[in-house]
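Structures are listed in the sections that come next.
Common to both upcoming complexes is chain A, partnered first by chain B, then by chain C.
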Partner chain A sequence: MVDIANEIKLQVTERSPLTLAAVLKNRWFLYGASTLTFFWIWDAAAVARIFSSGLPRPHEVALQLWRMLFDPLAGKSLLGHIWASTQRILIGFTIASLVAVPLGLAMALNRYVNAVVKPLFDLLKPMPPLAWISIAILWFGIGETSKVFIIIIGTFVPCLLDAYNGVRLVEPELYDVVRMLGGKRRDEIIQVCFPAAFPAIFAGLQIALSIAWSCVLAAELVSARSGLGFIIILGMNLSRPAMVVGGMVVIALIAWAMSQLVSALERFVCPWKREIDNR
Partner chain B sequence: MAYEQVKVKTPFILRLLPVLSIIAFFGTWQLIVDWEIVPSTMLASPSQVFQLFLVKWTEVNPDGALLSQHIWTSVQEAFAGYLLALLVGIPLGLAMGWFVVVEGLSRPIFEMIRPIPPVAWIPLVIFWFGIGISGKIFIIWIGGIVPCVINSYEGVRMTNPTLIQMARTYGATDWQIFRQICIPSALPMVFGALQIALACCWTNLVAAELLAADRGLGFLITMGRKLALPDMVLLGMIMIGLTGVVIGIIINYFEKKLLAGIRR
Partner chain C sequence: MKEESHPQQAKIVCEDISKVFIQKGKQRVHVLDHISLDVKENEFVVILGPGQSGKSTLLRIIAGLETPTEGRVLVDGRPVEGPGPDRGLVFQGYMLFAWKTVLGNVEMGPKLRGIPKKERREIAAHYIHLVGLDGFENHYPHQLSGGMKQRVGIARAYCNDPKVMLLDEPFGQLDAQTRYFMEKETARIWETEKRTILFVTNNIDEAIYLADRVVTMEGKLPGRMHVVYDVDLPRPREHTDMAFLKLRHEIAEASTLTL
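What follows is the complex of A and B.
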């Protein structure tokens, strides 16, 4: 029996007889079938040359990735390019979250800070981070600085916004409890505000991470000598679709792995977050 | 009115500070350009940007189109991608939330494609569609469909189980429950997706126009960089921000109208 707030759900395990209909409706069977069909259609589309030579066959992509692991490309192997992109993200992401999260918390806790920063933030918020690429290149040239700058710009907004909203949306009852127990303002902030805002901050970090990937790829597409964005743009210039799709597969894997890492960190740092499982 | 409006008086300083902060921001920006602290090839002052804004309504040079044409092209592309994303994403998400077979079949594919940022599709899309408008729409569509699917899926999943059990008791079929209970209760989440998807589409627009384009606000920015004209870059950025805000307000208005009859 699962008890979430005031809703009570009963979990009943049914053992139905194994019939064809039951197999066809089994979730794992469907997942497998769908994955197989996806690759089969992909392969068929590649063989039929629907996009002329623009779509490689799945095994060609795997082969290309295997080759790139050992043969250096523009001086770096595949792992080197992965590290180049990851490094940019880590630097930009760390700087942005170290500045934006405290600033967001300060804005939510102090209305004078809020009055000064909020209007500026509202002014800069609607501009998509990718729109900053050109100005970043004008300012910092095409080196590492401009890439890190774009990542900072892109990740700053969700980090700040979620930290800010996280504190503002803390349930007032929680404050009442601390006040009733004789807590001071300091206790309110440290005992209630921060722990209650943590899940929201982590949600912001998750969003920021996916934006960071967009930003770093866009920056690398415009100008770079290394990184995963460089691999796919090189694949395009050499008209080797296998390289492009291979790059995309690696990006998907790494982005997925990083977001799993942040989720794991969240479970570790704030175990009090209520998991609402509505299955 | 049954309730009396309570007016909380904000101190004068709190109302003054936002104005001061905006003035200080633009003042500093203007001054660092005027005193040439940064070279004029790197940053244009607000007044220069405003001047260019006025001139661009009637002057096609140096990028080959009027400001209104750039805006119109961008809005067209963004809306085509956005509407396609809504048309495909919302029904798919709703069906994924209720029908086990649809969920089982589409989920793995969706999860495989989701972590790829829309920007990464650009080179492949150039192979597939060339550099015309269809490629741009495809990229905007890819970006917009993810929030549509997730929100409508979550909306159906969050349906109060009691309602479903009640309908089952009264002998409703699966399809009836889906149509008459799940969809209405998912609507607020679906409408939430409208805003999120719009923001995604608008961001991806710039990415889409990073690949070859000859018109559009993203193109204006790229052109400004290539010609080393910071005022043009800034004008493009500001116009993208402004247009995004205006479209957001319009969508918000329709959302309010549509949601007026739904009890939250």
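What follows is the complex of A and C.
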């Protein structure tokens, strides 16, 4: 029988005894300590009125959010506003990724597609998406279309670029493997190109998602009667900092949750990917 | 007379192969110079040479991944016109599909050739057993050590039942201990399922340990064949046998390699 035990990587997890030093070095202890310190400094700064009346205390923000859950603003409760922003992002992000990812893959696989699309794309790429807000409002009015349009413009670039680079960075010898095993060009694309590019595509989607939140917020700040950007600008106009900070906190939470969803989708599609931050 | 009209055809025939690469700026790099080599059926031939001696290029030409500038290659009497499943190639850098399990990697050849799932699973299981990876079928490559990865590479190449096996410095990235172990494994696998093997290495001990014949390359470009040695030592071989050391001394003396 073949003995390959000496080749197997052993993963040993040892339990260390509970000491003060161990507690102080514990990951969860440090998480908690840094979070609590942050809130304590925030509260102290608010009480000391460092920003005069511009910084609410943490519990005032929580109270404000609680109230907004039940008292509608401009006809919508907090959940309604959350949904308004999320819906814009989902529509814009979905349209952009459904077009940009396949286009990026096609550009990497076919030099004619690349030659046609690349100059236009290079022209579009350096332009900040927010530069499109004014022209979008002139074209589509102040309704939903202009906001979705800004999100599409903003998320298109990272989706396309990462799909393109994901394919271009595939180890070329892997194509040799497929050809030696009897595969055709089609097999090279399906068996190597796509799976090898998946991690890069997901990295692009993550970047696109955070850009989408910037875009929707900017569009809502300019003109909107709903959404989290609307809550923030309303809070500013009414001089109610708790409303502004509350809007910011909710955006962070929703954006975090959506990025977790994309990560979960990636783990589902790429179960082979080594979890780098799971320790 | 009958023997001559039906000569025993060599499994791999390299006829007068030369290769010139044209690099950017029209610089010509002469890599191989008139290489002629026959490998008989089920023979284990090792090409021994230092880095930059053209030996890997020769292997890639036989694989069909490069075209020779002059000359041609016959495998089983048919000229090579590109890569194909009649030749199994094992890569120095393993080149496993990171997104496939051990089983998924090994069965890729039969899958690409359209063999039904049940059948190719049986074939794959056979070769996974042959290389000693039972129980690791569902592991991903990143969970394996270097030696185990190359076992997968060997099983994947074997799984297409190729007429010839081509191994390009397969153990070059392994530590000395694992390398020595994998050489023993390679000899065992070859004796269990005989194939025609052309094996490229820069390691003289590896060459003598494995080969029926050792072909040495000159140490500089363009690559030329230097001397061919028949290794008549009984198997399994021992690195410390007097006959082994004598041959090692002879090859080292004759070659330009610092061995």
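Throughout what follows, the second predicted complex is superposed on the first by the 248 of 279 C-alpha atoms of A that agree within 3 Å, B and C clash if a C-alpha of one lies under 4 Å from a C-alpha of the other, contacts with A are read in each partner's own complex, and residues count from 1 in each chain.
The rule is simple: a residue touches a chain if its C-beta (ideal position, glycine included) is under 8 Å from a C-beta of that chain, and two chains touch if they have at least 3 such contacts.
Being a predicted model, the structure only gives us computed values, none of them experimental.
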Now for A:248: first (chain B), second (chain C), both, or neither, which partner does it touch?
first
Tell me the contact category for A:183 with respect to chain B and chain C: first, second, both or neither.
second
Quick check for you: in the superposed arrangement, does A:217 touch first (chain B), second (chain C), both or neither?
first
Residues of chain A touched, compared between chain B and chain C (which is higher):
B
First (chain B), second (chain C), both or neither: which does A:71 touch?
neither
Contact residues common to both interfaces of chain A (with chain B and with chain C):
7, 9
Residue ranges of chain A touching chain B (in the complex, touch as defined):
7, 9, 24-27, 29-31, 33-35, 37-38, 51, 53-55, 111-112, 115-120, 123, 126-135, 137-139, 210, 213-214, 217-218, 221-222, 229, 232-233, 235-236, 239, 241, 244-245, 247-248, 251-253, 255-256, 259, 278
Residues on chain C engaged by chain A in the complex (per definition of touch)
63-65, 82-85, 87-89, 91, 93, 95, 97-101, 108-109, 112-113, 132-133, 140-143, 145, 147-148, 156-157, 160, 178, 181, 185
Using the touch definition up top, name the residues of chain B that touch chain A in the complex.
13-14, 17-18, 20-22, 25, 41-43, 100-101, 103-109, 112-113, 115-124, 126-128, 157-158, 161, 202-203, 205-207, 210, 218, 221-222, 224-225, 228, 230, 233-234, 236-238, 240-242, 244-245, 248
Counting only contacts in the complex, chain A reaches chain C at residues 2, 4, 6-9, 171, 173-174, 176-183, 187, 191-192, 195-196, 198, 270-272, 274
